[in-house]
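There are two complexes below, and they share chain A, which is joined by chain B in the first and by chain C in the second.
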Partner chain A sequence: MREVEVTMGQIGGLRCRECSKEYDPSLRYVCEECFGPLDVFYDYDAIKVTPETFAPRDKTMWRYFELLPLSSLSSVVNLWQGFTPLHRSKRLAAKLGLRELYLKNDSVNPTFSFKDRPAGVGVSRALELELKAIGCASTGNLAAATAAHAAVAGLPCYVFIPVGLELPKVAQALTYGPRIVEVEGDYDDANRLAAQAADAFNIGVLNINLRPYYVEGSKTLAFEVAEQLGWEQPDHVIVPVGSGAMLHSICKGFEELRSVGLLDEIRVKVSAAQGQGCAPIVDAFKRGLNEVIPVENPDTVAKSLAIGEPGDGLYALKKVRKYNGYAEEASDKEIVDAIRLLAETEGIFTEPAGGVSVAVLKKMVDDGKIGRDEKVVCYITGNGLKTPEVVLESLPRPIVVKPDLEVLAPYITGR
Partner chain B sequence: MREVEVTMGQIGGLRCRECSKEYDPSLRYVCEECFGPLDVFYDYDAIKVTPETFAPRDKTMWRYFELLPLSSLSSVVNLWQGFTPLHRSKRLAAKLGLRELYLKNDSVNPTFSFKDRPAGVGVSRALELELKAIGCASTGNLAAATAAHAAVAGLPCYVFIPVGLELPKVAQALTYGPRIVEVEGDYDDANRLAAQAADAFNIGVLNINLRPYYVEGSKTLAFEVAEQLGWEQPDHVIVPVGSGAMLHSICKGFEELRSVGLLDEIRVKVSAAQGQGCAPIVDAFKRGLNEVIPVENPDTVAKSLAIGEPGDGLYALKKVRKYNGYAEEASDKEIVDAIRLLAETEGIFTEPAGGVSVAVLKKMVDDGKIGRDEKVVCYITGNGLKTPEVVLESLPRPIVVKPDLEVLAPYITGR
Partner chain C sequence: MGEVVLQVPRFLSSLFKGEREIKLDASNVRNMVMTLSDRYGEDVKEKLLDGEGRLKAVLNVYVNGKNVRFTGGLDTSLNPGDKVTILPAVAGG
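Presenting the complex of A and B:
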């Protein structure tokens, strides 16, 4: 990437989300006092940025360097992620009856999901913290993003997965050359072993001990939308929710743009979308609860969102309420229909998480929760090539014909 | 996309590649006089462009509008394709012993291959020619690109495929909502029926009657590389070759940049890469032939390049000779190894065609056909998620462990 002039040292440190205790920006992720999660904060007053600061830079997420938790641009492990297209929808908008709809298309990131954003920041920060290996517990998008960034950084990588996963599902991740550790147990066992390994062997596990840095990458989903709309907020964003971390980060992104003077008072509404069968945040929202009750046996076609006990669930719920959004769920059929609707109208092929966004968008427009004049952004976070089996059964079968124009004719002319 | 000020009417027309007879830019693809193929030409003297012309425009291939065969910017069917990253290689370059290696990563195009470039131009031109339907004969990347663009344009789309193809292979294309016409016969039968349908029903079939416009899209692979290198030519490009059309178009792209004054005399060497088992152009090159002898039964893991009788084969061969390149082939094992090498060093997951490029690059460096100080660009034209089965068998199996740190330890520490 082109060299960018930056002022270093804007990272203020880590701050507990619960008790506000502050720490230096080291390899630490839980508050010593209250066990709350830690977030990165910055010296916002010291960050002097204007739209012109970013304009000449490469169109990747790294253009927002001043608001990412890195000390030096030279640490960046760059796969050219981010600054993905913000499609102005014509046909889908018309079908839904919306005046101004945008689709943020993260299916074209380097490893084909939004996870390249947090993984890129996490692995870059791992280099700054002088860690000698990288890891994650994941069965999907995060595994691929982690392994690819570790490959570019030249660091060993350990991907922890539960036993019994079909190998083709991890073919992409495996190709980047990590060690895949198949743990005899379920996802929780894999996650627990990853956490233990992080401590024992000084491995930077993205979604565990590097989590405060890692989650910062997803803020760029807010930064880019604001810049792509000409440094304006949308009226409403629809965010697919698994752990809740991405939604929380997107909100932090908008808040930080305000902190550095690039946006006025936040007025964007933030809505959460989940798959029926694993919608604990939707459930809490609808029932007006102040806790997120775990789902014992997640059952949704949107497997990348199927986190029964979402780590940031309560924080995501609070943000949805704070920003006047809604939480809504989509059934498997609605998700598959939405994947097809998006492809048929906008030429974007997404995995189920993107289908959840579009299905919930449709439902909210139908229910009047989104006004037809609202400027809406729908986040499409991953690539349909990862889950072709999800749509396959629902698709119309081919027409079978002999190689003869007369046999073909009625299918074309309808006569 | 943002409105761009353009001067219209630079398309000169169509010109026969053999006898130079000229035609107006209508729906025509074969010379009436000599049956040669037709190419689009422009009024190059009338095209006033400088690097500053393009700099402020959206980072898609449409930024080169003056050199694309469209009358109006409003015809553009924009999926935000092109201006894909040009990765400056670190680890792969070091492994191969090259000083300056770049990877042009078209795996992140909207339908995940370079075909979004020609398909975008072809479908946009079909709108200008007032065609009422779109089609193609394809089993892979072109099918997806065509169907997606037809979807965004709101035009019916017919994708002709030979009978017996596995449905999961066309799941992506099917999701965009085309009619898939399964022709009882082989690929040639499907292609022939598509050609007949093009004439009979006024369908714009991208790789047949829209071909002169369609192939123009691939020129942007040259335009972008030149711009991304600061309006310089590389010393050497490695191009995967199936029909030969893309290589021919890339050369036309460099030639046109010279015609409008953006490049000096062409000095880039252009080399062709094919899979062993379907390498008729390599064969002709090595044997010094002036014809391309068809391969009866193509047999290579690089199925997207497995065209036994390449339509533009002889023209591609001539360009390789004109531009002092080489033609080289890669075995299935070399292709798979190269896919893995690219992923392990650069975090780019490609389909076999990209593996062919990298494998041939490696071979040519080893053979001294590429100098270690040459500035080399290797074209990576498609996405590995389309062909996970190709690498799967070769990948190391996971380590299986109990959820116990002591069991895991030796795998991490090596002790």
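Presenting the complex of A and C:
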């Protein structure tokens, strides 16, 4: 990685999201006083950045180093993730009737989902905290992201997944060489066991006891969108939601750009997209609740979003309300149709989480919740090669022919 | 013995004087919290419950691996031999 001139040590510490008590940036994730979650804060006044600061740097998410919770660039475990394309949509935008639609294509990250962002930060921080083993609880994508970074870092890795994940996700993750623990139960069971393991065995579990650092990686989804739009914010973003951590971090990202003077007053609307069958945040939003009621048996084709007890659910809900967005769900059929629509119009092959984003985008435009003149960014967070079985059934079979031009001719219709 | 076993995670251990596993008699989760409060101090009640006497939103209590929010919350009944765990709600994903 190219040398970048940075001021070190701008990470201020950890602060309780509930009672604001502050802690030093060590291996802790809950407030001792009230058990609220801890977030990283920075000395924003000391961070002197301008658009020109970033322009000459590597096209990876590490270009925003000043706003990531690491004390040294040399700790970075780098898979060259991030700075993924902000793809200006033509044909999908036209189909939906939108004037300015962008797709943030995180399906092309090194392990093929946005999870390389939080995993990269979490594993790098684990090295700084001198942890001897790491792990994660995963709905599928974090498994590969964590295992790949553990491989680069040379750390033992324990991955907790529920039974029944898509085979390509398991095969990919296994290939990086972690110990994978398949928990007989759903994601929430795997997550609980991982939390107990983090507590009992002193493992750095990215989305549990390393969570304050881990979630910081997803802020770069906001940083990049702002930079790629010429340091402007979009009018509206659509974010697929499982635990709500990514949506919360995207908001924190925009908020921090404001704090360091790179954006004006925040006016982007933030909307949450979930799969029907596991949509507790949508449910709370639509019913006007101030709590997120967990889903006992999640049932959606979007397995990566199938989190029935979303840790950041209430916090994500509050952000959606604060930033004047909506929460909407998509059925399995709408998700599959949306995956196909995205591929057919934009050449982007996504997994169901991306299908949920696009399906909800379409629904919100149809319902008038997104204006035709709004500058919209839709987050496409994972790759379709991870879940081929989801679309395969709905697709036409290939035409089978003998290698003979005459046999072929009747099939060629687009002449 | 007809007792319930509470597994105390590290983040709660100071509340329970450093103990990591506590055996006690309790017929339901509310009852368990009260018994713990008697044994370890009012702090227990104050830290685990919110102003309205409900389990704090930032905590999850599991009985044999089942989140009590699915089974009646603090009224979830406990039987001898049940394993109870308390974990921070903000985890995972």
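Annotations
Rule of thumb we're sticking to: the second predicted complex is superposed on the first by the 391 of 415 C-alpha atoms of A that agree within 3 Å, B and C clash if a C-alpha of one lies under 4 Å from a C-alpha of the other, contacts with A are read in each partner's own complex, and residues count from 1 in each chain.
The criterion applied here is as follows: a residue touches a chain if its C-beta (ideal position, glycine included) is under 8 Å from a C-beta of that chain, and two chains touch if they have at least 3 such contacts.
Given the structure is predicted, the values throughout are model-derived calculations rather than measurements.
Contacts of A:Arg192 after superposition: both chain B and chain C are touched.
Within the superposed three-chain model, A:Gly347 lies in touch with chain B and out of touch with chain C [touch as defined at top]. Applying the stated contact rule after C-alpha superposition, one finds that A:Glu18 touches chain C and leaves chain B untouched.
Note on chain A: of its two partners chain C and chain B, the one contacting more of its residues is B. In the superposition on chain A, A:Gly242 makes contact with chain C only, while chain B stays out of contact range. Residue contacts after overlaying the shared chain place A:Pro398 against chain B, while chain C stays out of touching range. In the superposition on chain A, contact of A:Pro294 is made with chain C only, not with chain B.
In the superposition on the C-alpha atoms of chain A, the part of chain A touched by chain B in one complex and by chain C in the other spans residues 185, 189, 192, 196.
Taken in their complex, chain A has these residues touching chain C: 18, 29-30, 32, 34-37, 137, 139, 185, 187-189, 191-192, 194-196, 199, 207-208, 211, 242-246, 291, 293-294, 296, 307, 309-312, 314-315.
Residues 59, 79-80, 83, 85, 87, 90-91, 105, 108-112, 133, 144, 148-149, 151-152, 154, 158, 161, 163, 167-168, 170-172, 174-177, 179-185, 189-190, 192-193, 196-197, 200-201, 203, 339-340, 343-349, 383-386, 388-389, 391-392, 395-396, 398-405, 408-409, 411-413 of chain B are the ones that touch chain A when the two sit in their complex. Contact residues of chain C toward chain A in the complex are 7, 9-11, 14, 47, 56-60, 62, 65, 67, 69-70, 85, 87-93.
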